[in-house]
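Same chain, two partners: chain A is paired with chain B first, then with chain C.
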Partner chain A sequence: MIALEQVTKVYSRGRPEEHTALAAVDLTVGAGERLVLMGPSGSGKTTLLTVLGTLLRPTSGRLRLEGRDLTRLPEKALASIRRRTFGFLFQEPHLVRGLRVIENVLLPALPVHEPGDGLRERALSLLGKFGLEKKTLARAETLSPGEAQRAGLARALLLDPQVLIADEPTAHLDTARARELIAFLGSLASEGKTLVIASHDPLVGGAGFVNRVLAMRDGRILEGSSSR
Partner chain B sequence: MTLQPSVIALQALSILVLLSLGWGAFWAWRILEGWDPESPSERQLRLEQRAWLVSAVVSRTCLAQGLSLALFLHTADSLHRILPGAMCAAGSLNANAYGYPALLMKAGNGMLCGLWLILNRADRLAESFPLLRSRCRMLLGMLPLAAFEFELQWDYFRNLAADGPVSCCDALFNAEGRSVLAWVASLPVVPLEISFFAAMALTLAAGVHVLLRRQGASLFGWAGLAVFPLTIASLIAFVFPYLYELPTHHCPFCILQREYAYIGYAIYAGLLGGTLAAAGALVLSRCAGLPGLEGIVPRMQARLVAVGLLAYGLLTAIVTYAVLFSNLVLVEG
Partner chain C sequence: MTFIARHRRLLTLACSAILRHRTRHVSILLVYTALVFLFASVVFCVEALKREARLLLQGAPEIVVQRLVAGRHEPIPAELVEPLRRIPGVQRAAGRLWGYHFDEERRANFTLIASEDPRLAPRAVAVGRGVARLLGAEAGGRISLRGRGGEEVSFAVAEVFPSASELVAADLIEMPQEDLRAFLGIPEGLYTDITLRVANENERRVVASKVRGLVPDGRVILREEIARTYEELFDWRGGVLLAVFASLAASFLLLAWSQAAGLEGEEKREIGLLKAVGWELSDVLALKTWEAITVSLTAFLLGTALAYLHVFAAGAFLFASLMKGWSVLYPRFALDPALDLPHVTLIVSVAVVPFLLASVIPSWRAAATEPDRLLRQA
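Coming up: the complex of A and B.
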């Protein structure tokens, strides 16, 4: 279980351009939950995801994972937890141009120093699952946007994280490709993974696998957000 | 003021250590004043991040303090070439009233830094900072000691005069003299040899017991502390004469020179390393009951004991070699 307690994030603290992206947010995400954060641009969705995924430290408040306070951990310990616990899928898949698809998917394994063989098989299995088995040796830059996003999803899942954090995963996809990606996300939900997705795409918010939708505005979670 | 490169390096290092400890002590005071681990406030989060930064900076400072001790010894040794009458660091340090106090302060502060590093390591592993207040208080205490050490070191180098004769080590560590060191140098060899090897064997056995049974770290700690003065006495009374192969030469500083393959550095590293490991194991046993340190203390104690065994093993091996293979015969068989 992940819990945010009174989390505030202020950018450019003390400067004229100071901006409060999150304002005393309380949120609990249970194991296996499929949560979608919806709201307009600038409402704090991405900041909330990055704080939740330990990529960004809050200005105040606490972030707990299974009761363990992550806020006070040093970066080294945090990186280890992040690598084991979270998978990230961003708006842009950020594949490394010039590398093959399989090499891109294996990138998260580089700092882990785990035996390469098992992970390579897992990478191939994930690429097969997401319909990219014929693209494993293709260069990243030759993929279509939909294929690139699925390769990004495979990369996010390589180390079998408990939680997948996805930020606007369908933003650059046409409707058919977006539905395809949502179906893949749904298959992860059926495997028991915790999904936290930020999106303003109604297709994502209305997807069948989602069991909670929260609306955000001005750095706050709005009262009366729906649960299913 | 003698402006040799090593003196300048030493002074610069000491200033850096002092500034860094001063900065750390400032934040230690702020942390002691405002620490509230349950609070989610911005102030508390900033203090937590600052606590990590202080930990990282002061850790390196403490390592620099250890380096500073070795450099001070090396510098004192090299200065004997410009001081008439001096043959090693013993004469250089005796050139004015500040040399030996500066060395003792450096050694003492080095040990304190080592203990701080051990507590810091335990605290970092615990995540919830159970030793933070102790570390902060210790840091506040270390600052004036470091300042005093810097003052002594500064006065030592400032008052070094190359135009007057100084005493050589033979005059200072002569067994015929009336000083405490002379009394130590004149202690009977056979009882001291037996005491040294028996005490070291017991300490090593206590260490092995800790590694095998995961208990008794306090005993190892006390044994290490008890063996320290005995080892100092043994080194001066019989180990150094064996190494010099001169029955009347007891100097603890000539052994740092190239003629003796710098073996003195290994001897002192073994002694100080072992003592620090033993003291660390002892201090940690006082923290064993604190929440968050339950699994950490025994693990760290085992590592410290392993380090202590290596250090004492090295020291004992050198002493044994000196006793067995020296051309000097102090004890008739």
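Coming up: the complex of A and C.
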């Protein structure tokens, strides 16, 4: 479904602080696959996720989605692909302060939302599913970290993306909340969603729904990574 | 989604963004409103003065002939009236008697003019409101002026001109021609100048050149030249003020630009987030444009309304003395209210458009950045 071919990403190219975050990475993610990238901080996990999710263009190499080369597509086309294909769950939930929870969840649909298209109902249903039904009208800044992360997940799933990309989703959660979130991710896996998750939390790597774990270090995927 | 529904949602989100970043927006709004107020005040003031001048000149003669001796204005012989009247195209020629009177006690300069109103009785005057205020006169009362020999000359006040004409008539004293000749010491057979009525606009310059042939030591003044002089004078005065305000406006735009260019971390994060969740560049730009439009229209409406009140209700007290000129009588500065579309358009184009550009271009630059960079920078 998604393929990275010899993808390299260099930050601050040509400057003293030049840093290679990804070094000629090859990776294929199949439809319905539940992949976890593990590795220490600075190993390139987040960069790989953002390149894969079209939030960042690679310095070289190619990104393909169902065979279509996305590497040189104009920004307008990429925005449409992001909206239709990917949902992002960031390490920080990145909720917009001052907006209500329901408004934050509906944010991806704001420019395209049609009256009567059921998106508001879907947003409410997702918030209910993640235990936030009583927080729909609360301001984003009043949520606890765990609630904010679940609201972020609801926003990522609003437009029913094919692929959910999650970057350190349990980083700010205690163990109980982390298990809860992993259970939510598991329920998505059972619905057939493709999941690509970066984490160094063993709870995530060891979750039952995960069917491939790849280890990363120094911008490369290490050989001998496991498949289940 | 319909165009209107989409933009209504973006506008709602823009208003919410303004409230979220209220500290920055309120400070910009205050400075911006003050600048629009100053600029709009000058525009309203200049245009109202020009309109007053045009109205005043509507009743003025098309051509005025004066006599110059050694470069100074001297009385003109009455015998020139008839030859001037016979110039083809001239409907009427008449001698006009007027002069100035300096009231040393009150340090005020009055303009004296011979009345054409036959109802004005001998030793009676009609005065402007400035004169009436200064001399404590009212209709039915009396005023005294010091004559050439130092003697007090008393006049009955028959009328005080209405306030609508105050701007041009504040220092005016009208009296019968015989009284004025006696008071100024201008003998029979001389006038201050001669006025000509030339209805056909196309003939005025030809008539003027013929007058120059008949009165070689004369100065010929066309009404349109006076009108142009007024316009240039008020434009110049307005220009002086605008030049002063221009530096303030430039500073403000630089401030707006630097504020927008150095978008706060949270704003950059919001733009990055919107792009990450699938917003197109055009969606982000529309949102930021609505933000800028909301701020600039609020400032425009507030500033323009305050300027309107300042100029037409409060007599443009901030800079009336500069705009109205030299008169020592300082007429009450009451301009007729007016709001012309071209002037509102001018204020919008000068005040709103640059702010929109100064706000939207930096946002566009930010929105053209990859979402991940914006999220990381924040």
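We take it that the second predicted complex is superposed on the first by the 223 of 228 C-alpha atoms of A that agree within 3 Å, B and C clash if a C-alpha of one lies under 4 Å from a C-alpha of the other, contacts with A are read in each partner's own complex, and residues count from 1 in each chain.
By definition in this document, a residue touches a chain if its C-beta (ideal position, glycine included) is under 8 Å from a C-beta of that chain, and two chains touch if they have at least 3 such contacts.
In this text the structure is predicted, and so the values were computed from the model without any measurement.
With the C-alpha superposition on chain A as described, chain C and chain B fit side by side in the combined arrangement. For chain A, the partner with contacts to more residues, out of chain B and chain C, is C. Contacts of A:Arg139 after superposition on the shared chain: neither chain B nor chain C is touched. When the shared chain is aligned, chain B comes close enough to touch A:Ser60, but chain C does not. Of the two partner chains, neither chain B nor chain C is touched by A:Arg220. In the overlay built on the shared chain, the residue A:Thr50 is in contact with chain C alone; chain B does not reach it. After superposing the two complexes on chain A, the angle subtended at the C-alpha centre of chain A by the centres of chain B and chain C comes to 50 degrees, rounded to the nearest 10.
By the touch criterion defined above, A:Gln6 reaches chain B but does not reach chain C. Of the two partner chains placed by the overlay, neither chain B nor chain C lies in contact with A:Arg212.
Once the two complexes are laid over each other on the shared chain, residue contacts for A:Ala79 go to chain C alone; chain B is not touched.
The gap separating chain B from chain C in the superposed three-chain model is 13 Å, by closest C-alpha atoms.
Note: residues 57 of chain A belong to the chain B contact set and to the chain C contact set alike, using the contact criterion stated above. Residues of chain A that touch chain C in their complex: 50, 53, 55-57, 75-76, 79-80, 82-84, 88, 90, 94, 96-99, 107-108, 110-115, 155, 159. The touching residues of chain C, counted against chain A in their complex, run 1, 5-6, 9-10, 13, 16, 19-20, 266, 269-270, 273-283, 286, 368, 370-373, 375. Partner chain A is touched in their complex by these residues of chain B: 40-42, 44-45, 48-49, 52, 124, 127-129. Within the complex formed with chain B, the chain A residues making contact are 5-6, 8, 57-62, 68-69, 71-74, 77.
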